[in-house]
Every structure is written in C-alpha cells, then in structure tokens.
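Chain lettering (A, B and C) follows the sequence in which the chains are written, and residue indices restart at 1 in each chain.
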Amino acid sequence: MPVKRSGIVTLLTDFGTADHFVGVMKGVIASIAPRVRVVDISHEVPPYGARAARFLLGQSWKWFPEGTVHVVVIDPGVGTSRNALVVEAGAHLFVGPDNGVLSEPLQIKDARARTITNRKLCMKEMSQTFHGRDVFAPVAARLAAGLPAARVGPAAADAMMVTTDAPVRTGKRYWQGEVAYVDRFGNLITNFAVRDFPELKTRPFALRAGFEALTELKENYAAGAPGEPVLLAGSSGCLEVAVNQGDAARQLGLALGSPVELEIR
Amino acid sequence: MPVKRSGIVTLLTDFGTADHFVGVMKGVIASIAPRVRVVDISHEVPPYGARAARFLLGQSWKWFPEGTVHVVVIDPGVGTSRNALVVEAGAHLFVGPDNGVLSEPLQIKDARARTITNRKLCMKEMSQTFHGRDVFAPVAARLAAGLPAARVGPAAADAMMVTTDAPVRTGKRYWQGEVAYVDRFGNLITNFAVRDFPELKTRPFALRAGFEALTELKENYAAGAPGEPVLLAGSSGCLEVAVNQGDAARQLGLALGSPVELEIR
Amino acid sequence: MPVKRSGIVTLLTDFGTADHFVGVMKGVIASIAPRVRVVDISHEVPPYGARAARFLLGQSWKWFPEGTVHVVVIDPGVGTSRNALVVEAGAHLFVGPDNGVLSEPLQIKDARARTITNRKLCMKEMSQTFHGRDVFAPVAARLAAGLPAARVGPAAADAMMVTTDAPVRTGKRYWQGEVAYVDRFGNLITNFAVRDFPELKTRPFALRAGFEALTELKENYAAGAPGEPVLLAGSSGCLEVAVNQGDAARQLGLALGSPVELEIR
C-alpha cells in the first residue's frame, strides 16, 4: 500500500540562501504541484558536508507528517554517473543522490530504494550541474502530489550506505565515539544514543571529550555554572556536551568529527 | 470573545537556520495543524539576545492579521523552573518562555497571560533542552487551529516584564536613551519614539550619538551626502541614525545598547 | 488579456534575514491577500548590490508559474523622487524601484511598465525609508490576488534599464565579458551565454580568467582533478569557471565584475 502524501516537501542542501538555487527549486515545485508546500530544513550544510547532512536529516524527518517527501541535495558528483535515488522508508519518502546522504532512511527496516531513470519526470533540458532543479525538485514535486514511487524507476540494488556513524566498542568498558554535530550554540552532539546505554542511569561512567571528563548527566543547560561544561541527554536523543551560556566547541576545542570516549565502569 | 484565528504562526528565535531546530518546529506544527502557515520573522537573534528579540517582536507583530500566533524562543533557562506563557493581547496571541521576551505584548492594555500547564498540548516525550519543539510549537499549532487560550492553563499572576526599554528623563531638557537595534545596513535605531517627542518638529534639538550631534530630521537616507550621518524618523517609528550608503554603527562606533542623548531646547 | 495569477509572490531583497524587514513584508502580504504564498529568492543580495540582483532575478523568474509576481527591493534611493514600477513581461509581473533592478524583464519584447501612483494601494501611513513594507508588498499582494496591473498607475515612459550586462566585441576574435555572479561554492558565472556562441562546439577557443586560459568545455564539476579549474556550460546557461571541490573565485583571485575574455579562433 503506498503511503498517503502529506503534501509537504522538505529541502536540505548545501546551497546556502544567498544564491538563486533554493528559490529556483521552489519555483519548479510550484510549477509542477501548485498545492505542495515546501519547508526548509537547512541550506547551510557546509559545501559537500555529507556527515552534517546525514545528522540533520536523521534529526528532522520523523517530526513531519507521514507521506512527506524529503529532498537532500549534497551532490559534489552532480553530472557524473552517480545515480539519483528515491527511498521509501518509515512511511516517508526521500529523494537525493546515491552518495551516502540517504544512509539514515536506507537503514530503516522497510526501506525500498529506487533509481530515478524515468526522464519524463525530470526537466526537459537537463543541466550537468544543477540536478536540484532538473531532477530532484521535479521528481519530489510529483511524488508529493501522489505519484507512486514505483514510477521513478527500478529497484536500486546497492545504494550507498554509510554505517560508520555509530560508536565502536573498543574494550570491555570503552566505546569510541565522535562529535556528530556542532549546533549554533556550540553544543557538541555526540553519536552516543542515550537509549543504547541504559547503564548511564545505574553505573558510574565518564565521557571524555578533549581534556574534560564528564561523569554526571545534568537536566538542562542551566544546571552548570556559567562556563562549566555539562553532559546532557540532548533533544536529539544523544549525549551532548554543553556550556551554560557558553560555547562548548570553542571552550573544549572540539569540532564535528572529533573523537569522544565513553567509559562505563 | 475569543479572537478568530488567522491560521498563521510566526517564529522568532535565536536558533539560526543552519541547524535542524526551525525545520523540526515546522514539522511539529504541520503534523498537528496541517493548514496552518508558518512565517519566519528571524532566527538570527544573537544567542540569548533578549533585547533584540523584544525589538523585533515589537516591530513585526502588528503587521500580521489579527488572530496570528507569534512564537518567541529565546530561552537560556529551558528545562529549569521558568514558566511557559501564552499571552492574548491586541487581538493577537503570543507564546514563549516567561523570561521577559514577551514584555511588549504584556504591556498592552488588554493583555492576559496564562501559564502553560496542560501537558496534553505538548509532545508526549518532553526533552529538557528543546521546548521550541516540545512545548511552544505544539501549543502554537493548536492555538492557530482554534484552541481557546484558556485551555493552556491558569492566569499567570506575575509574568516577567522588562520595562527599561524606554528613554529616561535626566534633566529639564535631557533624555537618556539607547540604541535599541542595529539593522543589517548598520542603521542605529534608537528607543526614542517620534510620536512621544512632538517638540522635534517645533523646537531646536540635538541627538548626541557617539561624537556626533544631529540637529535636523532628514526625509530619507539619500538626504545626506555619502558618508554623512543623518537623523531620520525611521520606519520603526523611532529616531534612527543612518549614513547614506554607509554603515552608521561602524562609522560612529556604536552598537546595540550604546547610550544616546536627546536634548530639546 | 491579463495574465491569470499564480497566487505566488517571490521576494528578492538586500534586507538580510536577521532583521524584521522580510517578516514584516510577509505580514503585510498575508493581511491583504491571505491566500497568496510567498517564496524567498534571496535576501542576501549585498547592500545596494544591483548587479547581483539583476543576475538573481534573471536566473529565477522563469522557473515559476506564469502569473507570478516578483518583487525586487534593492532601493538605496527609497524616499527620494525615484519612481516605483510594475512591469508586465513574459506572462509574469515584476514590482520594484525604478533604478535598474528590473532591467531584465524590461528588456523582454512584450514588456509594459507602469509607475505606481495609486496611493490607495499602498499603506495609509507611508514611511520614507521602508517602501518594501509600505509600497511594494501591498501592491504585490493585490496584483497576486488579481488586481489588473493597469490599476497601479500610468505607463512609465522611460524606465531605467541597464544594458551593459552583455559581453562586448573588442576585435575580430575577441569578446570582453565579466564575472556576472559568484555563487556560494565560488563558481565564477560569466556573462557569456552559451547559446550566443555556437562556435564553442566547433572551433578552438580560449576563455581567459585571471591567469588561467581554459580551452575546453567540460561536462561537470567532477571532470577536473581536485584543484583544477574547469570551464562548463553552467546551469545558468552561461560559461562558468569552477574548481572541483574547490573555490574558483578564491583560487583565481576573481570577484563579481572581474573581466574575462573570450577568444574564438
């Protein structure tokens, strides 16, 4: 049974908002599907920032109604032989290049990926450098308006999936993780999902990040004195290092991808 | 009589637009109230920038249709015991934390503030760090869809109100004011409301800002030679110092909060 | 026959998104025409950046449905005697100051320009510094809701048109062009429209940009080795210099307006 569409398309790109790229994608969508509404997730993904894009997609898609079409355009290989995908997963739809940015939905149990081969769904004149406009926007608009996903093309046999985003166990008591995202406030969001570590509530532990070792879960940002690093179960569902009214990334000297270590005793 | 809803929710936050926060709030609103439309006022309020947020809210809400729901999330105390408010005032509705950011609507004559205590209106699993998603967005969506404000909770007895935003009389002829906002062009918007100083049209005066003393109201930015500071009755209704095709804040060395003095002779 | 309206207004300004200006324009539009939808093209045009605005308008308007109203507010002369225009051209409508930013639609064959003189279509109290709110937004909202363009005012006899955006032939084999735009990725988009130079496909040529001479059209960004400048027929329809996963503007030391030369042998 195909999922009923919500009539919403979300956009996640590295296009920025200064240029015409995002506006043009919205024009294409409005031309094809006038009733579809577009919601921006972010256009400030660092150019070619696949890791950040995977995080932002993972954080946002679930909060939209079922049947929403999520478009991700982080696409340094645009115009090469890389494929374009539509993924149905978790009662949502995802559209983007086959370069790993759709890893999160591809890992959902019921995921079904298809390669976009039906050129009739794309713009007639196709550029080699702006598939956001010529492929992803028109296909997303049509999907959001009700087009069955099967119409875009055949099943994709081996869509690219990045599965290195999870922590790795490195010893009986040790897990190696990383900073999965740094938000605007400088909060360091790790890849330690709180639900995967129930021992955090019952046993002594230490999260090591830079020169800090945090051994207690706090309730909120204000639980620390100003300037003091605190460890939280963040709104992302992951362990997060913050500094009350400060910038943890700057203070601890860490960035996206920096290693963090969890020890549970 | 409850105000008829316009079906619009506005958002004013310090979340920036690079992260997922704003997109997630819009997803929550779309999930609860699919027909409600969301308009961004700004997400570039400096982190914890309550003064700028009060100015931006004051400048924008009146331009929307009656029955619009305005959400303000500048919330360093998220997850602490600070309350969350709904304010009905001037035929609009306002939603945000009880930390002073809603001072402008709270000072309207007919203002009625309520504390959000009805947890059924919020997300089931509530984080301690992202009430924009878990409290403010769902409550705003429901209000915009028609929920009577009385349903959110009881009257708030002593909502926090910042009333220091107005100029202070410091002598027979002198008022001490401040730079209330610096806009993208570097224009210095003061807290001197032109309508409160009708003498500006009939008597000699001087506005002192940095090392400049401006003694004449000009019609528009182009009334000054390039590089010359000019004083205007700005679009905000307040005295504004600008430099034609230049940046007054940089040129005069002033910033948000800098003192300015008005002398009326 | 008047064009049927699409119900969409696009906005292109130099207002940035930190201040209240764009939100206020959307509030005015929603108050006047509740069903009209607003799409942002860009608000990051450099202050007074007329050249960039002309490029962005030229790149975006055609991708929207016929009957869309495109508002451009780059307006250093706001409040002076400069006129405000409505241009009907190519089955779209354009609204903005008469200072050259509407040059692109004005050069379309069927273009008809009118001066906005009907004050009833504007806000009652009109500021001298924010015609985006007081003139352009309300007029655009009414046009988008169906108001015939003739109602705004009389035909504009000599609307300002900038026609220096095209390359100039400087010799039998030489054309002098310029960088028309630098996008977020640092790609240098020239003003050489590919369709005007069919010889590029059949004869030897060289595009000189900074210290580089590019003699081959590549298919896409990834066609160059990382760090190597490549010449493309870009998605804008113009010759474009890019660096695979790099920043051509920085690497070649060029910016908006920098000269480039095309030689066709």
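Keep this in mind: contacts are C-beta pairs under 8 Å (C-beta built on N, C-alpha and C of every residue); 3 or more make two chains touch, one makes a residue touch a chain.
As the structure is a computational prediction, the values presented were derived from the model and not from experiment.
Contact with both chain B and chain C is made by A.
Note: Cα superposition of chain A onto chain B, rotation of 120 degrees, nearest 5.
Remark: chain A and chain C have CA centroids separated by 32 Å (rounded to whole angstrom).
Contact with two or more other chains is made by residues 17 of chain A.
Those residues of chain C that touch chain A in the shared complex are 6-8, 10, 12, 17, 37, 39-45, 56, 59-60, 63-65, 68, 181, 183-185, 219-223, 232-235, 240, 242, 244-245. On chain C, the positions that touch chain B within their shared complex are 14-24, 26-28, 30-31, 34, 47-48, 76-80, 127-130, 133-134.
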